[in-house]
Amino acid sequence: MDIAANAILKKKTNFLESIRRNIVVRRFMSNRLAVTGCALLTIIFLMAIFAPLLATQPPLEMKVTDRLKAPSAAYWFGTDEFGRDVYSRVVHGSRISISVGLSVVVISSVLGLVLGLYSAYYRHLDNLIMRVVDGLMAFPAVLLAIAIMAALGPKVENVIISISVVYIPTVARTVRSAALVVREQTYIEAIQALGGKPWRIIWRHIAPNCMSPLIVQATFIFAYAVIIEASLSFLGAGTPPPQPSWGNILSDGRTLIRQAWWIMVFPGIAIVMTVLGLNLIGDGLRDLLDPHTNKAKS
Amino acid sequence: MVKYIFKRICYLLPVLAVVAIVDFVIIHLTPGDPAAVMLGSDATDADLAKLREQLGLNLPIYVQFGRWLWGVLHGNLGWSIFMDMPVSTAIWQHLGPTVSLTILAEVIAIAVAIPLGVAAAANRGTWLDQLFMTLALLGISIPSFWIGLNFILLFAVKLGWFPAAGYQPLSSGLVNHLKYLIMPAVSLGIMQGALIARMTRSSLLEVLNENYIRTAEAKGLKYWVIIFKHALRNAFIPILTVIGLTFAVLIGGAVVTETVFNIPGIGKLVVTAVLRRDYAVIQGAILMTATAYVLINLVIDLLYALIDPRVRLSK
Amino acid sequence: MKKQPLLEVRDLKTRFSTETGLVTAVDGVCFQIYSGETVGLVGESGCGKSVTSLSILRLFGKHSGTRLEGKILFEERDLLTVPLDEIQTIRGNKISMIFQDPMTSLNPVYTVGDQIAESIVLHQKLDRKQALAKAVTMLELVGIPSPESRIHDYPHQLSGGMRQRVMIAMGLACQPKLLIADEPTTALDVTIQAQILELMQKLQCELNMGIILITHDLGVVAEVCDRVLVMYLGQIVEECPVEVLFDNPLHPYTCGLIRSIPSMATNRREELHVIAGMVPSLYHVPAGCHFAPRCPYADAQCGNPPELVTIDAEHKVRCWHPGARASGERRLA
């Protein structure tokens, strides 16, 4: 019974899925803003992947004779107080932002998904998990990340851990509310009555229905993670110098703002491009997949 | 109504308990000996032993938590070794600038965002809507500290209109106070305002699809009466929710903004404490902001009751 | 009835621009309403009856991309061309509307008294206190017990039937000349439905209003209407007095509708009549007679669009073979 019911359901969802995907892709591509977002993000990703090829100088190389040079043909974005090429540092900085952002998205999505699903399925777990989630969400994201960084010490891996911890509750809550809707549906009850195993129901039937809100959420978390990484590094609690990250280049720029505006302007533009791109994609995906989500939740 | 308030307050207790536990646990994540980390490599064994004794690090962890929680409940947030004063005193000294900054930023954000959001929703699909929503999208995409840096570059360094950094308390005169605070508050308020404007628009659009809006229209009311009297009040609950939720974004942004503008607030206190590994201060300040966030959201829950009779009159 | 009609709709066309193109929801509708009569507008959901009623007051959102054509004459003015602020003085005043869903048609954050008083203040220039006093009278009129205290209630504190009475009170607050009631009883229990209909009829006598009653329920039509307009896919397919509708329906669609009403007289074992096929989507309106694909009597001629022809003074039908059922198997002829 179980297998037959599953097979029918699966076949039906796959068929609908394939139609929907096509329309989804087409409609997404017809959204000019979302396509702009994709373009922006592609530029940043290419920059991160091909950083060594794109950089004109090694990002850590200091040229004492060329300190604080304004942007020119030789140094497109100028140089900093140690004579390092700001352009090359910004290009290499994309690697930190992208890798931190991606890692945070993966870690917080996976753990948040598990917590959200099990919380929605097992009511006794729900109370416990959701109280912890509420408690964690009471901490302002940047402050919580700073506190964790203070405890763990400034390392890129710790930046990833701290920002992931911040966003696991957000994902858990989104997944839980989507999962609760599915859980209440009659076909889940039917499968339960047919003796479906809980883990199978959770992962085969409930989880796929939570993907739309999760994907939208993940896009916005990527954007926030980029901002928080930059904030932490800017404050000296993130990516440790001399490794270039957009945040710590900005921090150098702050102290030299009167002498060398270019140090602070270019990494900022890179951050805005990335975050704007992600937000455009997120908005586009939300309009497409999840039109009724409360916009506050992102 | 009384029951509603009571229920909301009861709901806070487990949240605050989790906040306290998380706050305590985070600091104890530190690998190795916190005393050694705090005192650095040139500390003597005697110094270390003394500090461990002072911090109670030799006790079992649950005893440490119990002692800490007991202290917190009695207003004792611990002792800052670097500032040589109680943490609560340090927080109190740094509270004023942060409160001024966040309130001003929030007020600016709300004052600008709600009219823009309403105008965008009321003129959906027009160039005005597109302009405002593009601005809002930029607003949520630009980190507040970078806006702050650009403000300094433009308005302080190039134009000389405002001081580049620093802080003057309200007691030095309102104009002087605002002169220092306006750039940080605007740069901090932009992201907040953008979030509120987007919520205002989408919430209002949703309400404008409701049947009772058509009823109001069928009565012969003018469009603006419908928007402001019938739609906005209903749209306000999600707007309030987003104001409450994004208060955390505001505080987080304030930490960085205070560093950018060199404002001696809680954010600066925390950042300095992080660099000096002054754990008691970090722990105390974060506990305080989380509690403030929880209380602000309590106030917002109570405001729901003012706006919506269904909340007010529910049993 | 050789007097001046209260409202005359001439060749009304309502189109929506949607993502997939222009949709014609109402396609050339003509009718007249006289004071004191009740006209039923019937048809399946999606046939354009609600859109017709909304078109009369131009109640489409500011940015909905709706296009209206034709003429709607009311007091010697064309409601489709008067400026918006002029139509706002007519809405809720001379023409008012009652909507189908009382649960969602009242604003949850204002008291019912406020909501009734609102249009009185607006159109009759009374102050708030007088308007509230009038609201109490209106609630009394629609049979709400202890109206003085009810006006301070919020919609969620009232039952569905009470809310619909409030809606009616709101609609009648300014003694309109024309009341458009869009499925006013669909969301209600049968007993309450009867009360509400009776109430509307009683008030109609007192105020000499014209009423357009939009419904898909022919039972309701039989009970309260004087004349009936049957709509199918945006067009009027039959127009006649209510007795004629049940005695001598000419359009196959009308016949189908009438035969699908369950009645006590029908043998229980006999299956209810079902009109074959489904209502086509407005995107794929058939070229000729819109009903032809579902019509048992359709032939080649039905590939051409039929006109609404006058059978006698009060009976019009849009069909190439009116009364096909009555005259037997016309298809074979």
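Labels A, B and C are assigned to the chains in the order they are written; within every chain, residues are numbered from 1.
FYI, contacts are C-beta pairs under 8 Å (C-beta built on N, C-alpha and C of every residue); 3 or more make two chains touch, one makes a residue touch a chain.
Given the structure is predicted, the values throughout are model-derived calculations rather than measurements.
S.K.: Based on C-beta pairs in contact, work out which chain pair has the most and send it over.
M.R.: A-B
S.K.: Suppose chain centres are the mean of their C-alpha atoms. Which chain sits farthest from chain A?
M.R.: Farthest by centroid: C.
S.K.: Using mean CA coordinates as chain centres, what's the chain A-chain C distance in Å?
M.R.: 52
S.K.: Quick check: how many Å separate the C-alpha centres of chain A and chain B?
M.R.: Between these chains, centre-to-centre, one finds 22 Å.
S.K.: Quick check: what residues of chain C touch more than one other chain, meaning two or more?
M.R.: none
S.K.: Quick one: which residues in chain A touch 2 or more of the other chains?
M.R.: In chain A, no residue touches at least two other chains, as defined above.
S.K.: Considering only the defined contacts, which chain A positions touch chain B in the complex?
M.R.: Residue list for chain A touching chain B: 131-132, 134-144, 146-153, 223, 227, 230-231, 234-237, 250, 253-254, 257-258, 261, 264-265, 268, 271-272, 275-276, 279-280, 283, 294-296.
S.K.: Report the residues of chain B in contact with chain C in the complex, numbered from low to high.
M.R.: 122-126, 208, 210-212, 214-223, 230, 233-234, 307-310, 313
S.K.: Flag every residue of chain C that touches chain B in the complex, lowest number first.
M.R.: Result: residues 57, 59, 61-63, 85, 87-93, 96-97, 99, 101, 104-110, 118-119, 122-123, 154, 156-157, 167, 170 of chain C touch chain B.
S.K.: Applying the document's contact rule, which stretches of chain B touch chain A when the two form their complex?
M.R.: 14-19, 21-23, 26-31, 137-138, 140-143, 145-146, 149-150, 152-153, 157, 164, 195, 198-199, 202-203, 238, 241-242, 245-246, 248-253, 255-256, 259-260, 270-271, 273-275, 277, 279, 282-283, 285-286, 289-291, 293-294
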